[in-house]
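All chains are identified by letter, namely A, B, C, D, E and F, in their written order; residue positions are counted from 1 within each chain.
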Amino acid sequence: MLVLSKRIQFSAAHRLHNPALSEDENRRLFGECNHPHGHGHNYEVEVMVEGRPDPVTGMVMNLRTLREILEREVLARTHYKSLDEAGGLLDGRLSTTENLAIAIWDAVRPHVQPARLHLVRVKESENNVVEYTGPELA
Amino acid sequence: MLVLSKRIQFSAAHRLHNPALSEDENRRLFGECNHPHGHGHNYEVEVMVEGRPDPVTGMVMNLRTLREILEREVLARTHYKSLDEAGGLLDGRLSTTENLAIAIWDAVRPHVQPARLHLVRVKESENNVVEYTGPELA
Amino acid sequence: MLVLSKRIQFSAAHRLHNPALSEDENRRLFGECNHPHGHGHNYEVEVMVEGRPDPVTGMVMNLRTLREILEREVLARTHYKSLDEAGGLLDGRLSTTENLAIAIWDAVRPHVQPARLHLVRVKESENNVVEYTGPELA
Amino acid sequence: MLVLSKRIQFSAAHRLHNPALSEDENRRLFGECNHPHGHGHNYEVEVMVEGRPDPVTGMVMNLRTLREILEREVLARTHYKSLDEAGGLLDGRLSTTENLAIAIWDAVRPHVQPARLHLVRVKESENNVVEYTGPELA
Amino acid sequence: MLVLSKRIQFSAAHRLHNPALSEDENRRLFGECNHPHGHGHNYEVEVMVEGRPDPVTGMVMNLRTLREILEREVLARTHYKSLDEAGGLLDGRLSTTENLAIAIWDAVRPHVQPARLHLVRVKESENNVVEYTGPELA
Amino acid sequence: MLVLSKRIQFSAAHRLHNPALSEDENRRLFGECNHPHGHGHNYEVEVMVEGRPDPVTGMVMNLRTLREILEREVLARTHYKSLDEAGGLLDGRLSTTENLAIAIWDAVRPHVQPARLHLVRVKESENNVVEYTGPELA
């Protein structure tokens, strides 16, 4: 199997705060990440697609096409923005790195055919990374 | 001359917006960095001090001491916060990387004696860096 | 499946030397790594746990909790130490990167529940990495 | 399962050009990568082998041996060369990163026994990576 | 003094070959870098300008403007090209990293005013870097 | 001025311990770095030389020559060794990063002529760096 990966980066603000919980409970669960004015990160995202190389082009997928999909579906909705904005990529879900990886998977998956989405990796900071390989099959 | 450098990192939100200017002028000058909900970065800061090694310890300055100064003077006022908060490190100045480097210089300089502050480097993102070596002497 | 990863680093000395073998045999097998006074590395360790995000917190596991486990079970027994010390994490086993990855797996696995340990990656130097995914099931 | 990984780097020129297609078709498919004078990269390659640690050495495979295999089978045929040279590692195949990963797999696989080749990762640039895990079994 | 730095990258082919010398002399002086089919690199370039922050914008220079200068003066003439092409940035000079740094300095310097060009750093590979701070004053 | 830089790496053990001081004083001054069995690092060293490019080769100095000097004068005396060994590069001086930078300067300086040694940078770990530019002139 061949897996092709494209890395992008975006700079976004966010705050971990669940409105269904009390202020105290939010502080206890999320600690500094619940700070009222928010904080931010340079997120690094790697999107991996799998497939066979085309016999004419020798490519699983044209990396320019993959880059354009990521610009439209991810960067345009996150770069220089807040992840907690209404109508954004997370659309009201808690902006944990886990939920962000799932949201990127859902936004990108329909557009990479005939290649298949393989893995989404989100690096929030030098030491914290999440990987998502899609929902489990029934 | 010997220069000793300590790197720290913090994750902060910010927005470039000069309240003395109109909305249009802010958008024109700062572009995406003026987005109303702000964005954020993983800032990397290197603080360099210069001096001679102590004959007993072989050190210009104990790196634990330098780390403690940076935790108290920089990290406690920036990590998981917004750079635009009232009373923060920038205290109302525009949160450009240039101003951030100057503010870190001013906050750290009085505490590193007898070593001398040599350079403050602030890396806002993979491609953007500012270095400050202090005010010009008259 | 969601995989959450935390990176830590420690600086340790070690020497590859099997006391069951002759000096010559040790030199032949381990080369420079058998040098009598030892050498050392800045080890980078990534510990990955897998699970589902909690519906209230949006997290597979709180990264502060994972960090505390790694500080207690790994860093306290390796950072600024020799991997070959009696009673250390390796407890007398040869301090190859392979054995170190297995020892970290065994030390961390009981503490991450209800998440499951997924992979331990140990980077000994820029070019040398070991990954361990646990013992094979019968 | 234990996986041991060695990273190497080489600097090579290449050009994407399929001689079975017209000039126009080549430009349309490969864009800037079809530029007539070629371009080049610092390629980073990670070769991963899997196995069990030897009870005497604690190693899956001696990293010096793996390094020597990669020097002979990969570096000697690519470093400071063009990937499109006749008789080179790619031997006339289009020099996409996908085909390069397959060619490295085929060149290295026979030499790592009794360990098994696990994965070949080729990083063409900071944002573009290909991984290959071998041909699918019938 | 404040120094603002922008990093760019380009992927180019090149060959070290001085046509005024014999084939033997070229091989002796340049070794593998004289290989007839050329090789290539992912070059990393940092361009640093110095100045004072504008009191209205808090910036030494708008990084978008600096990026545009570098795209036009450097990337358009090097990315996905050969450094040895006629009419290129080096215009017939030997494509050493030293000459490349000087050529980038000369191409960028007239466009950054009122800021002053401070330093050009060219990283040819992980271990090889050149820095240029302009011609010595008489 | 042109500055040419070569990066090398070595893996060494060391311990901070001044035999002229008591055990207690050593522990107080050096903390964990005084641990009796020592620890270690992957040291990254950048050696920078300055000069003018040769009109025939376009080079300040041949990087192969600089690499050979560093292998002989630095790597052969540090890689896979302890910095505290008798007769080593530090020859009994305390193995602080400051003293290591000075020792590398003294070992390399006589060999780079007609280029001049410009700066020695030693990165002990991701966050700790020392730079040395030679003894002050009288």
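Quick notes
Everything that follows uses one rule, which is that a residue touches a chain if its C-beta (ideal position, glycine included) is under 8 Å from a C-beta of that chain, and two chains touch if they have at least 3 such contacts.
For clarity, every value in this text was computed on a predicted model and none was experimentally measured.
Fewest steps needed to get from chain B to chain D, stepping only to touching chains, is 2.
When the partners of chain D are compared with those of chain F, the chains appearing in both lists are C, E. Looking across B-F, A-D or A-B, the pair that copies the D-E interface, with over half of its contact pairs the same by residue number, is A-B. For the two copies, chain B and chain F, the CA superposition rotation is 120 degrees, given to the nearest 5.
Averaging Cα coordinates per chain places chain C and chain E 42 Å apart. In whole angstrom, the spacing between the mean C-alpha positions of chain A and chain E is 34. Separating the centre of chain A from that of chain C, both taken as means of CA atoms, is a distance of 28 Å. With touch defined as above, residues shared between interfaces to two or more other chains in chain D number as follows: 126.
Chain pairs that touch one another, listed by label: A-B, A-C, A-D, B-E, B-F, C-D, C-F, D-E, E-F. Chain A makes touch with chain C in their complex at residues 16, 18, 20-21, 29-31, 93-94, 96-99, 101-102, 126-134, 136. Residues 1-8, 46, 48, 53, 56-60, 62-64 of chain D are the ones that touch chain C when the two sit in their complex. By the touch criterion stated above, chain E contacts chain D in their complex at residues 9, 11-14, 32-33, 35, 37-42, 79-82, 84-85, 125-126.
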